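Got some structures for you, see below.
You will see subunit A twice below: alongside subunit B first, and alongside subunit C after that.
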Partner chain A sequence: MQSKLKKLTKYQFFWPLMVLLLIILINGIISGGSFFQINIVDGHLYGRLIDILRNGSKLMILATGMTMVLATGGTDISVGSVMAISGAIACCIIDGRLLPSAGGSVAVAVTLALLAGLACGIWNGFLVAKVKIQPIVATMILMVAGRGIAQLVTQGKIVTINSAGYYYINGGYILGLPFPLYIVAFVVLITLLFVKKSAFGLFVESIGCNSTASKFTGIKVDNIKWAIYAFCGLMAALAGLIESAGIKAADCNNCGLMIELDGILAVAIGGTSLAGGRFSIPASLIGALVVQSITTTVLALGIAPEITSVFKAIVVVIICLIQSKEFKEMLTKRFAGKKGKAVAQA
Partner chain B sequence: MKKILAAMLAMCMVTAVLSGCGSTPSSSDPAPAPSSSAAEPAPAEPSKAENEKLVVGFAQIGQESGWRDAETADLQWYAAQNIDTIDFKFADAQQKQENQIKAIKSFIDMGVDVIGLAPVVETGWDAVLTEAKEAGIPVIFLDRSAAVADDLYATFIGADFELEGRTACDEMATLLGAEGGKVVELVGTVGATAAIGRQKGFTDQLANHPEIEVIDSQSGDFTRAKGKEVMESFLKTYGAEIKGVYAHNDDMMLGAIEAIKEAGFKPGQDIKTVSIDGVKAIFEAMAAGEANVNVECNPLLGEYFFTTAAKLKAGEAVDHRIVVPAEVHRAETAAEDLPNRKW
Partner chain C sequence: MSKENALVQMSHISKRFPAVIALNDVQFELKRGEIHALLGENGAGKSTLIKVLTGVEIRDEGTVLMEGKEIFPHSPLEAQEVGISTVYQEVNLCPNLSVAENIYIGREPRKAGHIDWKTINKNAAELLARFDMNIDVTKTLDSYSVAVQQMVAIARAVDISAKVLILDEPTSSLTAIEVQKLFDIMRRLRGEGMGIIFVTHFLDQVYEVSDTITVLRNGEYVGTYAAADLPRVELVGKMIGKDYAELDKSAKENRASKEAGELWMSVRGASTTGIADVDLDIHKGEVLGFSGLLGSGRSETARLLFGIDHMEKGDVTIAGKKVELKGTLTAIRSGIAFCPENRKTEGIIGDLSIRENIMLALQTKRGLFRKLSRSEAEKLADEYIKKLEIKTPSQDQLIKNLSGGNQQKVILARWLATNPDLLMLDEPTRGIDIGTKAEIQKIVVQLADEGMAVVFISSEIDEMLRCCGRMVVLRDKKRAAELTGNEISEATIMQYIAGGVENAKQAEEVN
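Showing the complex of A and B:
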């Protein structure tokens, strides 16, 4: 039994999962159980846990792309802006401002928005992998310029649309479960299959540990990095579609604002080192749910808006401490030391 | 190191170019570009005596929201309509105080009749406004005020956020009728002047409407996405208890409406709505029967601004505070109002 538990704790997603369960459990106790309540409204499931899953879906998708970027020792802080671009393009096409010949087709809008995200990712990858600009600087270009591009697309307005088909991306339900969850499942399955069943994942970890050595072993470091940034851009565009579909509008100023930090935090809570190396996409997904559940907690507990940020910061600090090996060792040492003293006194 | 520096430079250039593209062209003479060296002596303007036109310089904050774009467009539209009598010089400060100060200094050098300013921040204006005062040029604050001595500016034209909050409360009371009910509040960005005023006004006015109770308020950061998320949470906590929503701006309300629909309630019927601002999308929602009342915070201030400026030039007395009234629009007339909405 104990050995089994030990084995379980070895998995990267073990501690993040414990944190997630702890947060949900605390919420459940404080709310007297109503936090867990799931009803059926209009033929779909309805409750706070469903909210966490649905509102966390865009962060889960971002984290999928971000995990591999961070695993190569890089970073992508442009994802929020790419989200804004993708939402802007999709809404403007559906609205008919862009490409009136498409006739407001949702399929065309989604495809072009995703392609735009891919193009942003390719641009980032080009700067990082080929031009060798430091990732944080390279992606900062698009972080700043991206919102400007989105503003140009929408002409500085919030474009409101009324398309049931587009809204389905966020608000649709299949078998009572929100549609974004199926998007997450689809994306993650394909990514995991590709990463685990081919040598790609190994290459990524190798680049993260030592990119020079990887190069000498024959790994095409530049191309792999390029592909990863492009993938991250595509994921950001997908997240942007989910966000803009949820509000039936393209809100360039606020769509995905500061979400790049949430994305990095999700990956970090998942236990992937920002310095690169080993990574786990499932752990990052749980990290994303942890970040989302903190937000939901704030709302569910009705914490005053003035102290929300402080509350979130404290929770994150505690999570980081729980996961820190050094901190755990420090605690056990201290505990053991006291025990030792007690024994000596006796 | 060089690489980083080069990249930073490139980034700055990209930003500069992009923000440059975004700035609206001025209607009259090329505006004193805030980024160019304002220290250079401005080209000699005809002196006031021989120019009968009203020469007004306006230092706008920049493009920060649809509301501000509408305000800029209205100022330029009004000036263009009266091109024979108004010489309008417009400067876009791109959200930077130093650009606004530069623009004001160049307006002083040009010897304009009146300076208009929408201060991007509240503090740090004393020196440049003293300069304007010494040059004998009256200053009008438009839609935002600043923390300066009363004698440094002629007047402040703008909405009264507390008045908007009080009006919203009265409207909510009308909607809920005699039996009243429980109301949730979507607060704007924490610390924003508009959010503070709109909350205080609503809360103060509650004293006159004991049948209404605000059971919860949370910040929705003035955005649709946050407004929706907060409303989702309210609905889970209070469910059918909620009889009304009060949002500090329309965008949060538009998000909340989606949340209400998802929860299986009918916005506008089961849950009444009152929001502030008056964007076009809320009129569409009202026309569709999904929202009830809007308290307008009018950005179309061109007429107020230029008539006040003309009075100042003529030496007439103007009030030190000119309140732009908070107009109320209701769902019943939304369909008729909709075609006239400019923003």
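Showing the complex of A and C:
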């Protein structure tokens, strides 16, 4: 039993999962159980936990792309802006400002928005992998310029739309569960299949650990990095669609604002090193849910808006401490100091 | 040998790590004005003993006396305060700071609250002048060669505290001339009464400069000897505990009885930024050596063949077909494998397991989508761990936790797994203990016997003589000579490396 538990703790997602359960448990206790309540209305599931899942879906999708970017030792801080671009393009097409010939088709809007995100990712990948600009600088270009591009698309306006088909992306239900969850499941499944069934995951980890040596083993380091940034752009565009479908409009200034930091935080909580190397997408998903549930907690506990960020910061510090190997060793040493010495003597 | 002369006395030192006993009741004594070589295979406990002395590791048992007083350093800084400085194998300075800044970092002289740059630069220049180095100390450290950087590190160490100087593999990235210069400095410091502990794998250097030799094996103290009284063969025997001469002999016999196989690869007029107009034929079943100084083009030729460096002009034919070597993957798929010179930066992928490190090249050869299954990879790793006698508790062990020799074996396994026609090894035994060194040499010769073409590059002529059946000597980016069979001798190689063809011919005539 003990050995089984020990084996379990070795999985990268173990500690993030513990943190998530802890946060939910604390919420449950404070709310007197109502946090766990799930109601069925019109065959749809409602409740705080469902909210976390639905609102966390954007972050989970972003984290999927971000995980591999960080695993190569890079970063992508343009995802928020890419979300804005994708939302702007989709809404403008549905609204008919853009491509009136498409007749406001949701399919065309979604396809073109995703392609735009892919193009943004390819641009980032080009700068990082081929031109060799430092990732944070390379993606900062689009982070700053992206919102401008989105403004150009919407001609500086907030474009509100009226399309039941488009609303479905965020508000739809299948078998009682919100539609965004199915998007997450689909994306993650495809990604995991690709990463695990091909050698892609191995190559990414190898690049993250030592990119020079990886090149010497024949890995096409540049191409793989490029593909990863492109994928990250695509994921950001998908998240942008969910966001704009949720607010039923394209808001270039606020869509995905600062979400890149939440995305990086989610991956970090998931235990993937920002220096690159080993990564786990499931762990990042749990990380995303942790970040989302902190946000939900803030709302549920009715914490004053002035101190929201302080509260978030404290929670993040605690999470980081729980996951820090050095901190855990420090604790073990303190509590088992004498015992440990005795073992060493023997 | 009076007690007063002793600088450092370590006795009954033991250090245990969770899985191993690194040191067991080891003793060591360093006198004033002595160069003391500390020898042993990897894992013998040399580094641990040094670490105990310098406060990086805390000893479990034993006493350390410094000039008769017991010391117990808990950090390198504390060790420095009592007069023990260390210069490590890799230069531990900041390449982007100036030479003077590097020498005074952390202890800058101040004047009225500001750093006194004038004094820093003046003192640094004076200090280096003592070491016969007249360089611009305001230039950044990385604008100088590794050798100069190493000297700067030593100058800094001596300047900080000047009683005990520990040199941990200081010569592994230096050329022969630079090594001589280092030795001059060591002798001078010895003359000034300093005690120097010298850790190295190069036995020639041990005999050239050391007064005393202490040998460790498997964490145990073997003995301390005066260098003059200990024949080399005996020393090697003490270090590895088996008969080295035997291994040596068998390798030599192998070489003598070999004939060149069919032509596999030929290169005509190849030029890159590192080599000019090089012609080359590589045959199956031979060990071809590239000799030359650092930067002569020996590594650069290998890099070209592996598709790392861009070929500006020239033709390459493999097995009768013309090929364009563009990128490492093309080279791998053409049947070429390459163990690069810098194991740490270009070879191992530290945070991945041994299994993953082994499977990597075969995986890229197969392509992204034809993934090796877990069981295939495990079988592969098991096979090579057994075949190459890689010492590890399991194939899940991270490669960075292995010793240098075992890491090199893993890299070798990585390439053997791709079943190459041509295996190129650049300094495969650098920084590796003698036992593993001999094993790797044996494997190289064996592979050639089985029909593989092997290119072998090493700055140790000894090793080249033992392994190579044919040798190309490079000088100044160009091919200087080709030697076969009995022509290969230390003298001839040295002449070609150093002198130019005319000089070499003259030398031959004189002989």
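The definition used in the following text is that the second predicted complex is superposed on the first by the 336 of 346 C-alpha atoms of A that agree within 3 Å, B and C clash if a C-alpha of one lies under 4 Å from a C-alpha of the other, contacts with A are read in each partner's own complex, and residues count from 1 in each chain.
Going forward, contacts are C-beta pairs under 8 Å (C-beta built on N, C-alpha and C of every residue); 3 or more make two chains touch, one makes a residue touch a chain.
Keep in mind the model is a prediction, meaning the values are calculated, not measured.
Contacts of A:Ser86 after superposition on the shared chain: neither subunit B nor subunit C is touched.
Once chain A of one complex is fitted onto chain A of the other, the partner contacts of A:Thr308 are limited to subunit B, with no touch recorded for subunit C.
The larger set of touched subunit A residues comes from B, when the choice is between subunit B and subunit C.
After overlaying the two complexes on the shared chain, residue contacts for A:Lys220 are found with subunit C alone; subunit B is out of touch.
When both complexes are overlaid on chain A, the residue A:Ser78 reaches neither subunit B nor subunit C.
Of the two partner chains placed by the overlay, only subunit C lies in contact with A:Lys197; subunit B stays clear of it.
When the two complexes are overlaid on their common chain A, residue A:Ser284 makes contact with neither subunit B nor subunit C. Here subunit A touches subunit C in the complex through residues 197-200, 202-203, 205-206, 209-210, 212-220, 277-278, 344, going by the rule given at the top.
Taken together, the subunit C residues at the contact with subunit A in this complex read 16, 60, 306, 308, 327-329, 331-332, 338, 340, 345-352, 356, 359-361, 363-369, 371-372, 414.
Touching subunit A in their complex are the following residues of subunit B: 3-4, 7-8, 10-11, 14-15, 18-19, 21-22, 63-66, 69, 187, 190, 216-219, 221, 223-226, 228-230, 232-234, 236-237, 251, 254-255, 258, 262-264, 279-281, 284. Within the complex, the subunit A residues that touch subunit B are 34, 41-42, 46-48, 51, 55, 127, 132-134, 137-138, 140-141, 144-145, 148-149, 151-152, 156-158, 160, 171, 243, 246-249, 251, 253-255, 295-296, 299-300, 302, 305-306, 308.
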